[in-house]
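One chain, subunit A, appears in both complexes that follow, with subunit B as partner in the first and subunit C in the second.
Up next, the complex of A and B:
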């Protein structure tokens, strides 16, 4: 629980820490993407502007690709670039490079493409409401009893919609490719989460024309949130191709407005829930969930998001008769991708809203109704995975207690009687399975490497990146705390695919949970192997043994057995649990919701670094609350927001007071933390609004215009 | 695109008079730089004026406060003169963009830019502000309420610019004040609706009412018809249906990426009601 300071805090403050745009190479030129401004159509003609010397430009299209024109993904269906038919706005058509960045941007702006337009689906509801748009594999979790619902059970049937969300990382996407023809090596400097994904991407597009792609991350990665999981593979591919063709290092850093337009976002969802509840026992007896995601034009990694969404879609309730189906829908919009929570925020936004819906219908307090139905030891997930702890329930109890929930409920009720503005309080719960789903971690077979130098410096080699979340500090801490080694003598190395073993991508709340716990074990293993009490003393007296390299692989717990075909078994070894209470103030004149207080209790197991963990939790909670409240990305009939002027990320003035408490911290395991804070808060805002006004809104976010429409309907 | 930095006022006027090209004055640059970057402004002459002392500063001149056009919003927020004389104006400007932009953006720029969402304009309108408009050979003082002629257009000739904003020293004296800026967040936002109001009451009747709205027309405007209807009435005498009807004549809200016209209209109704009731 020590608060070791982030090792990169000082260089980030003094500006010496290098982000992608701070790097330069001799003779480096600048590249950009020329992308489609048509949602669906045939490219008829590309008209370059006059008054430019075209010989100064390097231009690549799909015809220049020596390897494959398909980005490696869980489903390989997205081309790097299109030359005939474009399938969505923002699709890459050409890569263009020039020594002068400003001139290049002007040239691209003035380049006009003629299209023959084809019908396109760009509206979220148009996409998700029409089963003709389904593509990819349908997932089902079938835990039906086959019995007909009792006619006395209360029936609730609702459809919930969740919006896009923009990752809004501080540093836009960027890439530098340096072609080294002598060794046939494509060196790529990347701001990314998964260097080995980028390597696969570059090697796919370059094919046999290169011997190897070597990826090294920039020192600083200015935020990612999932946005730098798969898009960098596409960007690195095109950057590499430009470097290969021009023979010069090429840097592409996206302009912010392009980044917002063409990169991956959170999947919009339509989640239909039908429940039957026993009015006497107050127990949900049967549930049907239809979970739909707008994947965009290609599947890419959406099937994995869908899997996690489906697996979290029942929220934390034990329901004997369960049927869940998940499907992807195609639209002519950029592929949606990874985003903190990965399908789970959509699931909780719907199910946690639905729980309040049932509770209101049965006139029972939402907390009491949750308590009746929440997971307990002996219950099962819909996949039949047994529930082994009551920690979710503990989170709920603790947050109800510390927020003075019942007292506030009464206070607000009284206050609301005499005020035009209204106060409200709402609950939601959530959880997140750590690491890759099902057998994923087994397949990944992550490997880590440690080198102990002659001066007892421990160098840790992992492919996991520090994108500002403090992962490298925490990973080092897990190693040096285990063997009581000085912190300044334990350093995580900059990920580089030629030096770092593949310890997997920096995703799925797996960095500390899988790699951190592995490093901790590794530290003990090395200690046992060398039989030392103090590593420094050991190295001093056994100098001839050093430097020495050690390697270790992750071994999945044998209890994790998952049937990928039928969705039966243990989907995740360990779950992080959470519950929250959110207080709001509703302004009657302007239909705006102000967040006043946010109470959060989470079980993330052992807390390695209290300060970093709290920071992660607070940031995620804010991101989750804003997802439910104000981050409005697409307006039907008007399209997408252009930039941060219109896309309403909250500012510090919009922040509520955020209270975070971790419980069950005496666990030996540090569980997943990255995503859970984002998973659960959104529906608490919606539930608090219902508490304040008696109105349920089933579409997120709860922007004032939407609230106004609901109020006027009544 | 041509950039010019005149040495003094004489140089400035010389340039304006001689050159008939399309031109823009650059002071804070918080809006113009964006327009240049996105190509809204191109092939124009940009004349830098921020360094010209004659256009800058806050002074008391007899019964008026005179604010130079290139005075930064942060200077107004920090000004002792403004604090003592126009505290409502000063307080209300805190919601202007963000602290960072306040240090660069200028009051004259916010007016001349002519945006329907200009934050300072509704406030200045209820304070009966005037503009001092100068050219090489002429100075004219006009009421701010007569300045705009349409979306991003105004009465200035090609050889003129705003030198200062003139606000009566006692513009706020004796009034109950009201200002609400409604947007998608609390800072760094462009208003969906803004409403400024001054009122005073005597013997239960509104003796003076001044109301101005932003983001609801092609340019921020005083709501004269509503003012006229409300004046000399008590709260009980006001027919709010009539107010809504008049508001329909006074404002032309639109639906765009940012908001909806029905929402804008109804929020404006609500805010007027609250302003009168408070």
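Up next, the complex of A and C:
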């Protein structure tokens, strides 16, 4: 639990740390995408503006692609650039490059495209409410008993909606491709989470015209949150094509308004939940969940998001009779993609709301109702995976205790009697399975490499990127603490696909959990193999053995056996658990909710670096609270948001005091941390609003406009 | 048009389009890439610099506005004693995550500590409200600025 400082903090502060737009190459030109402003249709004509010398521009379309016009994804259905039919607003039509970036932007702005428009689905509800609009594989978890519900059981049936959420990484997407014709190598510098995904993307689009794509990340990756998981593959493909055609290094850095319009977002959801609860035992006896996601125009990685969503959709409750159905829905909007939580925040937003709904219907306190139903040792997930610890319940107990929940409940009730404004307090819980779902980690077969130099410097080679979460500091720490090696002599190298083995993508809360724990084991293994007490002394007295390279692969625990067809078995080896209590102040005149305090208790196992972990958790909780309170990307009658002006990100004045505590930190395993803080806070805002006003709102976020409309209806 | 101004305590003169953005001048002409473009519309604060001592978003300032004035970027502030103190505080709390917004936060925090400096959370929140950070949840930033106020 040491608080080793981040190795990159100081250069990031003084501005010397390089982000993608801070790199430059000789003769480099600038590229941009010309993308569709039509939701669905055919292109009749592209009219370039006059008064430009077209010979100065490099222009590529799908016709220039020497390889495949399909982005490698779990489902390969998305072209790099439009082929015949425009399927969504924001679809790439042309890649255009020019030495002068400003002139290029002006040229693109003035280029007019004539379309033959076809019917399009752009409205979230129109997309998700139409059962004929499904595509891809339907997932079901069928744990039904076949018994009919007892007629005395309380029946609750509700539909919950969650919005898109924009990752809003502060550094826009960007890519630099440098074609090296002599060696037939496409070198790409990327701001991305997954260098090997980018490599696959570039090699797919370039086909046999190149020998290899080498991807190296920029020093700084200015935030990602899932947004730089798959879109960079598409962007790198087009950038490479421009470099190949022009013969020059090409840099594409998206303008914020373009980034926000064309990149992936969190999937909007419609989650229908039907429950039957025994009123005497206060136990949920049967549940039926219909979990729907708006995937956008293509499936891409949505089936994986759907899988995780479905697997987390029951929240943390043991229910003997369960049926869960998950489906993807098609719309003419850019593919939705990865965002911290990956289907789980939608699941908890719905189920944690529904729990309060049932509790209110049965006139039982929401905490007490949760306690009756929460996972206990001996229970099972709907996939039949056994529950092996009571840590979720421990998180709930701790957060209730430290927030003085019951005392505040009484205080607020009294206060509300005499005030027009209202105070409220709400609970939510959540969890997150660490690493890839099911057999995913086995398939990934992650490999890490360590080189020990003559001066005893340990160089760690992993493909996992540091996008702000402090991964490269924490990963190094896990290695050097294991063998008591000096910190300054242990460094994670900048990921480069020609030097770094494929340790998998930087996603799924797997970096510390899978790669970090692997590095720790690796350190012990090297120590055993070389039989040293002190590595520096060993290297000094055995100079001829160094530099020396070591490699190790991740081996999945044999208990992880998952049937991907029937969704039965162990989906994740280890879960992080969490519970939250949020207090709000509702302003009756302006219909605004002010968050006053949020208490969060999490079990992420061993905490490697307390300050880094707390900082990451605080940031995630704020994203989660904002998901419940203010962030949305599409409004019926207005359309999609355009930038940071109309997309409401929380500022320093919007946040409550966020309290974070980690429990069960004596665990030998550091579990997933990246996503759990985002998963669970949103419904606590909704439940606190109900506590304050007695009103349930089933659509997120709880913006004043929605509250106003709701109150007017009543 | 010829524009003369002071950049990080040095007198400089450039010949440029008067409508060119200060952000581009700093990054392209002087290769000071600490000043970042996050949104280009004055919302995010990643491009904050001091203009005659006051924080401004350099994406909304044109060349013509800086003639005869003083501009300080994160690189310049990092050389000042108070800038160094702030960097120490941000480092100590492990506040920095992706870091893209931090040069902007450094500039705004420097202005606050220099001109007010009261260790007051509400005041600090107000002072920093023009800078967006998506990673941290802001709390460790507040903690760092409070620490700098105390130590200054």
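Observations on the structure shown:
Please note the rule applied: the second predicted complex is superposed on the first by the 713 of 714 C-alpha atoms of A that agree within 3 Å, B and C clash if a C-alpha of one lies under 4 Å from a C-alpha of the other, contacts with A are read in each partner's own complex, and residues count from 1 in each chain.
Operating definition for what follows: a residue touches a chain if its C-beta (ideal position, glycine included) is under 8 Å from a C-beta of that chain, and two chains touch if they have at least 3 such contacts.
Because the structure is a prediction, the values reported are computed rather than measured.
When the two complexes are overlaid on their common chain A, residue A:109 makes contact with subunit B while staying clear of subunit C. The larger set of touched subunit A residues comes from C, when the choice is between subunit B and subunit C.
By the touch criterion stated above, A:651 is placed in contact with subunit B and with subunit C alike. In the superposed model, A:708 lies in contact with subunit B only, and not with subunit C. Once chain A of one complex is fitted onto chain A of the other, the partner contacts of A:153 are absent, as it touches neither subunit B nor subunit C. When the shared chain is aligned, no partner comes close enough to touch A:317: not subunit B, not subunit C. By the document's definition of touching, of the two partners only subunit C reaches A:470; subunit B does not. Once the two complexes are overlaid on the shared chain, A:19 sits against subunit C while remaining clear of subunit B. Once the two complexes are laid over each other on the shared chain, residue contacts for A:522 go to neither subunit B nor subunit C. Where the contact sets of subunit A with subunit B and with subunit C meet, they give residues 644-645, 649, 651-653. The residues of subunit C lying in touch with subunit A in their complex are 32-41, 43-44, 46, 73-75, 78, 86-87, 90-103, 106, 124-126, 128-129, 131-142.
Of all residues in subunit B, those touching subunit A in their complex are 39, 98, 180, 182, 184-190, 193, 256-260, 262-263, 266-267, 270-271, 273-274.
Across the interface of their complex, subunit B is touched by residues 109, 588-592, 630, 632, 635, 638-639, 641-642, 644-646, 648-654, 703-705, 708-709, 712 of subunit A.
Here subunit A touches subunit C in the complex through residues 3, 5-6, 8-10, 12-19, 21-22, 167-172, 220-225, 255-257, 467-470, 609, 611-612, 614-616, 618-623, 643-645, 649, 651-653, 655, 657-658, going by the rule given at the top.
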